[in-house]
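Paired with chain B in one complex and with chain C in the other, chain A is shared by the two complexes that follow.
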Partner chain A sequence: MLAPTATLGSARDSRVGDGALAVANLSAGAKPLGSFQRVAETRTGVACAPTDPPNDMSSATTTAPSHLEHQFDDAQQQRDAATTGMWLFLATEVLFFGGMFLGYTAYRIYYPRAFAEASRHTLIAFGGTNTAVLVISSTVMAFAVRAARENRQRIVATLLWITASLGMVFLVIKGCEYAKEISEHLLPGRSFHIEASDPRHAEMFFYLYWLMTGIHALHVTIGVVLITIFAFRAWITDAFRNHDTPVDLLGLYWHFVDIVWVFLFPLIYLVNRHG
Partner chain B sequence: MKRTFPIAGTYVINGIALLCLLALTIFAAYVKLGPFNTVIPLLIALAKGALIALFFMHLRYSKPLMWVFASAGVFWLGILLVLALGDYLTRGWR
Partner chain C sequence: MITQAPPQPEPPLTSHQSPLTYLNVRHTIRSWLLTTDHKRIALLYMVSITLFFFIGGAAATLMRLELLTPQGDLVTSETYNKLFTIHGVVMVWFFLIPSIPTVLGNFLLPMMLGARDVAFPKLNLASWYLFMAGGAFAVFSIITGGVDTGWTFYTPYSSTYANGHVIAMAAGIFIAGFGSIATGLNFIVTTHKMRAPGMTWSRLPLFVWSLYTTSIILVLATPVLAMVLTLMALERAFGVGIFNPALGGDPLLFQHLFWFYSHPAVYIMILPGMGVVSELIPCFARKKIFGYHFVAYASVAIGVLGFLVWGHHMFVSSQSIYAGMIFSVLSFMVAIPSAIKVFNWTATLYKGSIWFATPMLYALGFIGLFTIGGLTGLFLASLAVDVHVHDTYFVIAHFHYIMVGGMVMAYLGGLHFWWPKISGRMYPEGLAKFSAFTIFAGFNLTFFPQFILGYLGMPRRYRVYAPEFQVLNVMSSAGASILAVGYLLPLAYLLWSWKYGKVAGPNPWRATGLEWTTASPPPKDNFQTTPIVTEGPYDYDAQAAEEEWEHAHA
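Coming up: the complex of A and B.
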């Protein structure tokens, strides 16, 4: 048991050594190296010339990254690993939603008329507004991620609160839409009723509608909760100071939820609006 | 040096572009276009999804490894759709 501990200890020591060396380089006005390059960019804004001489030692020294786990060589490698993991999770989400999209596609190919008729009963004013709300919330989230990279914690928190609020607006509108549809007997089940030539498969459309929008709304709910927690952490603590990766990953999740809705919207609301 | 992060204006333009595409897809849905009433909304959705992934999700500025993972998701979705629909769409062939 002694040997691994010793190895671990020496690995940590060498990392600290690297860090000290890089900081020394920074203080000497040399070109920043490795993981510190990104920080140097952040400090002076976006994509500055890498040859910019560092002039703020305090921000350079605080970047000796306390959040760096021992298995990673440097902060950049840890960041890449985390981002890759998030994309992998999103790939599984693509397949999770993909199964439902496949079911929708197969039924729509088999019963195009029933789906066209059923789609005309959906409430496009709600759906269209919600699409715009999600797009705007995604735009705000993009700015929150940017502010996190620039270490502006108060702005991060504010933008995340706006994003979460827009997510709430989406859920409230969705809830009103659901309530109206229930009152119009469009919830599949015993009370389902629709004026259509093929009510059985129009009901299948609404079964898929409730399933897909419901699971999407669940994702939005999870997103709103996470974004709210992140906003409070950014406001109260220093959790994301010089460590913006979590905000970055939260942004990826939120944009993915937006993409899912971008595909749901035409398939649900726009099947047959003409004629 | 390769940019690792877009400028702020990119997000604004991307957001406006997404809203314009939304308006376009709703407008197109109310015009009688035959089979294009199915194709156009899907193409617009693909364009919107690509804009979100490239600029909001920074894929445009990411390393090849992220492209591999992002494409893998789409590729496996393609397998799911193509093989399954290959069955459903050809059942009428005798």
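Coming up: the complex of A and C.
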């Protein structure tokens, strides 16, 4: 789950011989003109001065896109940095969920019978439907990312609306499932009650179930909010015209949320269900 | 490091205006609290961690006072428990882990790479706010009664029996942890994507290599800490067992998850210090670093191995003996890259033209104290010896030699070295040398007796001890008072020099490295033009330095 090597190379390395480009882009920033010319003057007579800075800076100013932040030289560098950052963030998320998966695995190995029995009390119809909903939403998101790359703003907005709606459907179904489980006394705590040979460890199963699906649902909620905001922006503004990186990264996040569920579903609902 | 760009000229001067630097570009409080300039964020961190350092130091002072006598006559046992918890939590999460990365790292990383800023400046500022929010929770928990679990929060004590605001403290660490993750992420992306043209991986200063490895650990280990603290806090809040054996849980699982973070965290604390020393030694020996690639890859090796040794904290915690053996062997292996570094630093000194300026004194202090701390770590990594000294003062002395003798020395060394860059002023050299010696002497007097105490069997975390331990404890407390003076001195003279110190100029040490090619203090965007790098770092000439010295003193 680490960043692919393709995004990890340095964009700036490739421009070693490109001094002119770096200087030209730099001059598009907030440098006082006077000092810049002084640099050029002091440079005369330096044997290995790479290139003379261009006197005409208008070209550099016009080519810099409006979303380019001052610390970056060009849009490609900004895009690479953002993408690498997103993959690293997802790596931290993997480790975050990893702690819970480790706890779940350890206790399932300790108490296989209790966990199998408890697993049979989960509501597989809800879980199964939700898996389908989330996988479909991820597919729609993939199309939205593609549409953003092709600069089709209306389609991006529509597809994002659909993705967000499917995310909402997931949350509603999950909510109904939680409500039903509470009514069946499957929420750990005082009212917890289960017909099982080892109720204490069955309760532990449900504790882990609520925790893991709860934190996952929190991620889904954040995703739905973000996707809704993005859909609005794509619909109303030109924010993503010629600038599809944010949509791309949102897509990565949404696929991550999806993939966590793809691991959660079999671990919680399917393991030893008919054993 | 030679760059093709000419020396950076001072920004344009009008007749009665000082040059525009990152410090005087704006003066409002708002411009500091909402800054996205990595240099200003570094200063925000510097002020904050200094504050936390003195909170943690105050707790340690009270502990050392209590330990002057074998009886418990100053504080109650409960208060003593809270004191060592405050000391541990504050020093680990609110001073040591952020210290070098967030202060010196934030300030220097973009400049060493030839960049205008880190990759995500807003995220950088958000890290500081997360750090401060976490700190606020921790201070709240301290003021409203404290926590007595020790910094390790072992379950089931912390999740079931402990009094005090364990959840608030855990929340503070959780939030500050996300600040750490954001910093680490930012540094990794910056190192990958923000390097100046020509700045290849094997031309990176070694400080950058060590920050890079540290960041990887921050990003991969901290989420696990966040998870384990969440589980512990939930168990405490709702009484659902995951670690409490009375509820069917396993306390060992907590220790596994906790040390999976907290052992790599030791390397978060020491690797940046090693990076600083790798910068100081070549500069003050006027010699190219010996074995650049070995030192660089040793950082990475320490980072990787550091993830595989957590079980050595659990030798006596009912972990399987076979797991113990494997963790023991892996722990020994960490000594190899650490020793590579020490040998390479020593080899760099050989035939160098050594200049005993204050930063060099700290660097040499680091090498000696780190070696003692590292070698006693091998005692603890040996299964049989660990059973004897486990949870004694031997352990305390060992990790203070690494953390204080290593990391704090390196932090102070780096702070003195780059102080002219940060403030534009020189610190008073004589006073600085005096305080460096004071710290070295005070440190050894404080912690060396603790090795003996631990070996003789004095357990950690008790305020009452057998009378025969008193002499060594009095020595230790006396050393602590010297150490306190040693720490207060730099605070005073650095503050003084901020305004009254001698103007430093761009490169007072005549050091190589991109950060020295720009003005002191640097302009807001670091460089007037993006530098172009054509050579590796540490292009020093010891022979020329010797001849120059002889010429000057002829």
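Descriptive notes on the structure:
In this text, the second predicted complex is superposed on the first by the 210 of 275 C-alpha atoms of A that agree within 3 Å, B and C clash if a C-alpha of one lies under 4 Å from a C-alpha of the other, contacts with A are read in each partner's own complex, and residues count from 1 in each chain.
As a working rule, contacts are C-beta pairs under 8 Å (C-beta built on N, C-alpha and C of every residue); 3 or more make two chains touch, one makes a residue touch a chain.
This is a predicted model, so every value here is computed, not measured.
Within the superposed three-chain model, A:A91 lies in touch with chain B and with chain C [touch as defined at top]. Once chain A of one complex is fitted onto chain A of the other, the partner contacts of A:A75 are absent, as it touches neither chain B nor chain C. Touch criterion not met for A:A118: it reaches neither chain B nor chain C. Once the two complexes are laid over each other on the shared chain, residue contacts for A:G189 go to chain C alone; chain B is not touched. In the superposed model, A:L159 lies in contact with neither chain B nor chain C.
Using the contact criterion defined above for the overlaid structures, shared-chain residue A:F143 touches chain B, although it does not reach chain C.
Applying the stated contact rule after C-alpha superposition, one finds that A:Y207 touches chain C and leaves chain B untouched. When the two complexes are laid over each other on chain A, chain A has residues 38, 46, 49-50, 80, 84, 88, 91-93, 95, 98-99, 102, 106, 110 in contact with both chain B and chain C. Those residues of chain A that touch chain C in the shared complex are 8-13, 15-19, 22-23, 26, 29-32, 34-36, 38-39, 42-43, 46, 48-50, 53, 69-71, 73, 77, 80-81, 84-85, 88-89, 91-93, 95-100, 102-103, 106-107, 110-111, 188-189, 200-201, 203-204, 207-208, 211. Within the complex formed with chain B, the chain A residues making contact are 38, 41, 46-47, 49-50, 80, 83-84, 87-88, 90-95, 98-99, 101-102, 105-106, 109-110, 124, 128, 131-132, 135-136, 138-139, 141-143, 146, 149, 251-252, 255-256, 258-259, 262-263, 265-267, 269-270, 272-275.
Across the interface of their complex, chain A is touched by residues 4, 6, 9, 11-12, 110, 115-121, 181, 185-186, 188-190, 192-200, 219-224, 226-228, 231, 234, 238-242, 247-250, 253, 256-257, 525, 528-530, 532 of chain C. Across the complex, chain B meets chain A through its residues 1, 3-8, 11-12, 14-15, 18-19, 22, 25-26, 29-33, 37, 41-42, 44-45, 48-49, 52-53, 55-57, 62-63, 65-66, 69-70, 72-74, 76-77, 80-81, 84-85, 88-89.
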